[in-house]
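Here chain A shows up in two complexes: once beside chain B, once beside chain C.
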Partner chain A sequence: MLVLQGIVDGILAGGLYALMGSGLTLVFGVMEVINFAQGIIVVLGAYLTYVFSTHIGVDPLVTLLITIPIMFALGYGVYALLLRPIKRDRVIMSLLVMYAVAVVIEGCLDIIFGGTLVQVHAAYSTSSIHVAGLEFSDLYLLAFGLSAVLLAVLYVILYRTKFGRSLRATTQNPTAAKLVGIDVDRVSATTLGIGVGLGAAGGMLFGMTESFNASSSYDLISRLLVIVILGGFGSVWGAMVAAIIMLVVEDVVAVVWSPVWGQTVFYLVLAAVLMFRPQGLFGRLAVRAQ
Partner chain B sequence: MLVFEGVFAGYGGGDILRGVDLVVEEGSLTCVVGPNGAGKSTLMKLVSGLLHPRVGRLEFKGRSIARATPRQIVKQGIVQVMQARNLFPELTVRENVELGAFLVSDGEVVRRRYAEVCEMFPIVGERAKDRAGSLSGGQQRMVEFARALMTDPVLVTLDEPSMGLEPRAAKIIYDSIVSMHRAGRSILLVEQNVRAGLERATHGVVMEAGRVRLEGTGADVLANPQMRALYLGGTIEEGRVASSTGVGAGAAAPPGAP
Partner chain C sequence: MAVIQATPELLSPTEIDRAFRDPYALSARTRGISWTVLLAVLVMFPLVFTNPAVTSVAVFTMFFLLATVAWNMFSGYSGYISIGHAVYYGFGQYAVALLILHLSITSGVSELALLPIAGVVAAAVAVPVGLLVLRVRRHTFIVLTIAVMFIFQLLAFNFPSITGGSAGMNVAPPTWSGNDFNLPFYYIALGTAIIALALSWGIRRSKFGLGLLAIRDDEDRAKGLGIRVTRTKLIALVISAFFVGIAGGLYAIFVGQVFPQFAFTPFYDLYLAVFSFVGGLGTLSGPVLGALVLGPLQQYFELQFGATTLYLIIYGVLFIVILLLLPRGVVPSIADRYHSLLAAHWRRAEERRSRSGPATPSAVTTGEARTESVPAVPTVREGA
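Entry: the complex of A and B
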């Protein structure tokens, strides 16, 4: 029963990490930009939720109506002002730029909020339901459900809209995309906006499930990068599967052995997968046609 | 219709094109040939807006396109089929072709044009739901042509369309080019396959070292002794061609016909 509980907990928490990781992998797929700032963006989303819910009294869920547009604009602006002008050594330069963005945001959050750990609270934060001897935290059910809804929206955008088609085309061949009239810069800016917006939504849920400060971003980004590597850079589906694998492995190991070994066992699983599939579970060896 | 005048362009490490003067007339099938490094692909990048001239005039229908983006150029009626295979491999054939009409907002127009290109290139309809990456090289070229025609372009530019194709597939590709031309479209074709390109061209152009060296009808250029010296191995060993025309004999490339 403990193992089953570990699997349930892992799947529910995995949904949240899938949401946070999907933004990272989506951005890489389109722009080949490793958004090193995704961790601090999640934390920024958590802080925005914290401010709106704690100081203004808005329900954390409702804050998404405010935070997602704000974070979308942030992502769009970062691309337009900082990434678009890069003409050479794009992968390395964009990594450095996003690292700089992360450092600046972290510094600002440190100045404003200090190092004290905070957490977002709501009425449903501590309640849970029991089914067949298993405990389902209301908060994690909410996190999983909201992640599923947002990822479904992302799916609809990617596969059922003209923008989604242009985004998938840009992912596969940016030069050919330009030659059919797609504004690749606009697609890229919008994609970074979506990625950062997904980070904000993940931040709201992260802030409710964990206590955090600005330094929490380092643990987050390392976990998100590992998820994206296991799933395959550029694959949104891969990120979802990898997030669930990571959290299930950690939670099951925690209950049958020790929480201390959770991450270690997961990294062994990761190494084993990469030996046979260096491109990750759903990645392509050649990400782009050119 | 398309005018290059004194065009210099390159990639930052010096100019590849060094004073190109060239006119592509409306309704023509203009074929540009030349040895590797002559600047043919650079010329095509200028026409598509992927590269801009450093110096010189580049106009389409009397309007400068020297600084235009690829999107603006597509809007003006110029489409390009690039040198390498350039489909979106994970998208279906139908999605690829419909993306050719990305700038067309009228869904009815897109459906009508899709039906037209399916008629012209049956492979599009037959493999509509398949991943484009699963098609053979020749089939992918057909789909690229179909995608290019979705904008109902005035000028179609083709960069070495037969490259990498076996002779039978290359012949089908050339027949398609001639069909597009007969349907009233202007064609600007860059080819390594000199004979196949010039035989079908109404206008032939030879480039070498970033400049236009020779022009005329396709047949005249192909028959020109200097041209033969450069490409067909006839009199190149005499060296007189190189000295009298400035054409580098050492850069000669073997001809081939589909």
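Entry: the complex of A and C
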């Protein structure tokens, strides 16, 4: 029963990590930018929710209507101002720039909010539903549900709109996309906006499920990167599957052994998978031109 | 990575040779003098500036210098950008801390004798880590190195019986103290950095180094040409890890404390990578310049604003500005500027020579000179 409960918890929490990780992998797929700032962006989203819900008294869910546009603008602006000018060594230069952006945001958050751990509270934070002897926390159900909705919206954007087609074309071959008249820079900026917006939405849920401060971003980014590697870089579906596998492994290990070892065991799983599939579960191998 | 301008004329062998030579290379004499002057300045520095606050900044700068040169030996030459060298840094720190604790070493000199062991431990760790991460390329490699670094940080937290967990470990201080406390650290780090630099120079000129550069340019083709790519990359990583491990060991003894989050820190590689990039990735002098210019700046900000995280903001903004303004690194950018000035100088010399040619009638010469003076104006404006 404990194991079953662990699996249920893992799947529910995995949905949330899938939401945060999908932004990272989507951005990478389109423009080969490793967004190291995704961790701190989740925390920034959580802080924005915290400010709006505790100081203005809006329900955390409603704050999404404010935070997602703000964060979208942030992502769009970062691409237009900082990433677009990079011409050489894009992969590593953009990583270093995003690293620096993360450091700046972390510094700002730390100065404004200090190191105290905070948490976003709502009426449904502590209640839960019991079905067949299993406990379903309302909060995690909400997180899973909202993640599913947002990921469904992402699916519609990717596969049912003109922008989505431009985005997928850019992912497959940026040069060819440019040749058929796609404004690759605009698509990239919008994608970074979407990625950052997804991170912020994940941040609102993260802020409700766990207490956080600015340095929580390191734990987050390490988990998100691991999820994205396991899923295969650039594969949104891979990230979702990997997120759920990771959290299930972690929660099951936590209940049958010890919470301390949950994450470690997952890392061992990652190492084992990479031995046989270096490109991750759903990734493509980078061939030629190292 | 010589850039050859496409020219319609056939090049003479000397010209081809010149084109293929490193375009950034100064003459052997200029280089020799610069390195000697730099070495003399670095050797004399702590003897001239004896203020402990200054020398401790200098010590940290030397640690960075050592590690940046080592980092560049692998990442700069092979093109495999590692953001996980903190793994070897952390292992160097913990190796020294654990050895001092369990061997109950008290004398300062024998503490320093542990440094090669720290290097060997780090190099030994680099073998399995390298075998795992070197299976992938480009982005996946970069991200995997970060992930491995976080894994070891987590392990350091999770084995409190060995590492002391989040409480960290204390390292017994060396026996010497007082105003000259910093000097041994400074000179050991400088000496090791010089060894690393000499090795880096040797690698750059060796067949092994050519293999690394070939891997950077096109790994599949390098493989096709018979280079044992995995072995070449792994050896470079192990050498690099050895020196970074020594830097970690030095740091542990100097600071006297080891914590998981500072031993396996994501910041460390940000510094190493940015220092190398700013100086010029894959060059010999680039990492040296980057570490010597930005290292003290980093220390200064940390000392000045370290109480709050303001220094993070300043440093982050500084990095962004540098990366966007000098995307090619300082050394290549300056070299480019120098070469375009040199080219302009040659062009002017050529023009003068053709103008004062003996066969040209004087009337035509003045006419030519007049027309030529017109396009010369924008050149002057560019210079100003």
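Operating definition for what follows: the second predicted complex is superposed on the first by the 285 of 290 C-alpha atoms of A that agree within 3 Å, B and C clash if a C-alpha of one lies under 4 Å from a C-alpha of the other, contacts with A are read in each partner's own complex, and residues count from 1 in each chain.
Here, contacts are C-beta pairs under 8 Å (C-beta built on N, C-alpha and C of every residue); 3 or more make two chains touch, one makes a residue touch a chain.
None of the values given here were measured: they were computed from a predicted structure.
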Who does A:L141 touch here: chain B (first), chain C (second), both, or neither? neither
What is the contact status of A:I66 with respect to chain B (first) and chain C (second): first, second, both, or neither? neither
Which partner does A:T175 reach: the first (chain B), the second (chain C), both, or neither? first
Going by the contact rule set out at the top, does A:A271 touch chain B (first), chain C (second), both, or neither? second
What is the contact status of A:V118 with respect to chain B (first) and chain C (second): first, second, both, or neither? neither
Quick one: classify A:S166 as touching chain B (first), chain C (second), both or neither. first
Dominant toucher of chain A (residue count), chain B or chain C: C
For chain A, what residues appear in both contact lists, the one with chain B and the one with chain C? 289-290
So in the complex, which bits of chain C are touching chain A? 79-81, 83, 132, 135-140, 142-144, 146-147, 150-151, 154-155, 158, 215-216, 218-220, 266, 270, 273-274, 277, 281, 308-313, 315-317, 319-320, 323-324, 327-328
Provide the residue numbers of chain A that touch chain B in the complex, in ascending order. 162, 165-166, 168-169, 172-173, 175-183, 289-290
The answer for chain B against chain A in the complex is residues 48-50, 69-71, 74-75, 79-80, 82, 84-91, 95, 98-100, 102-103, 147, 151
Along chain A, where are the residues that touch chain C in the complex? 28, 32, 34, 36, 82, 85-89, 91-93, 95-97, 99-104, 106-108, 110-111, 214, 218, 222, 225-226, 228-229, 233, 260-261, 263-264, 267, 270-271, 274-275, 278-280, 283, 285-290
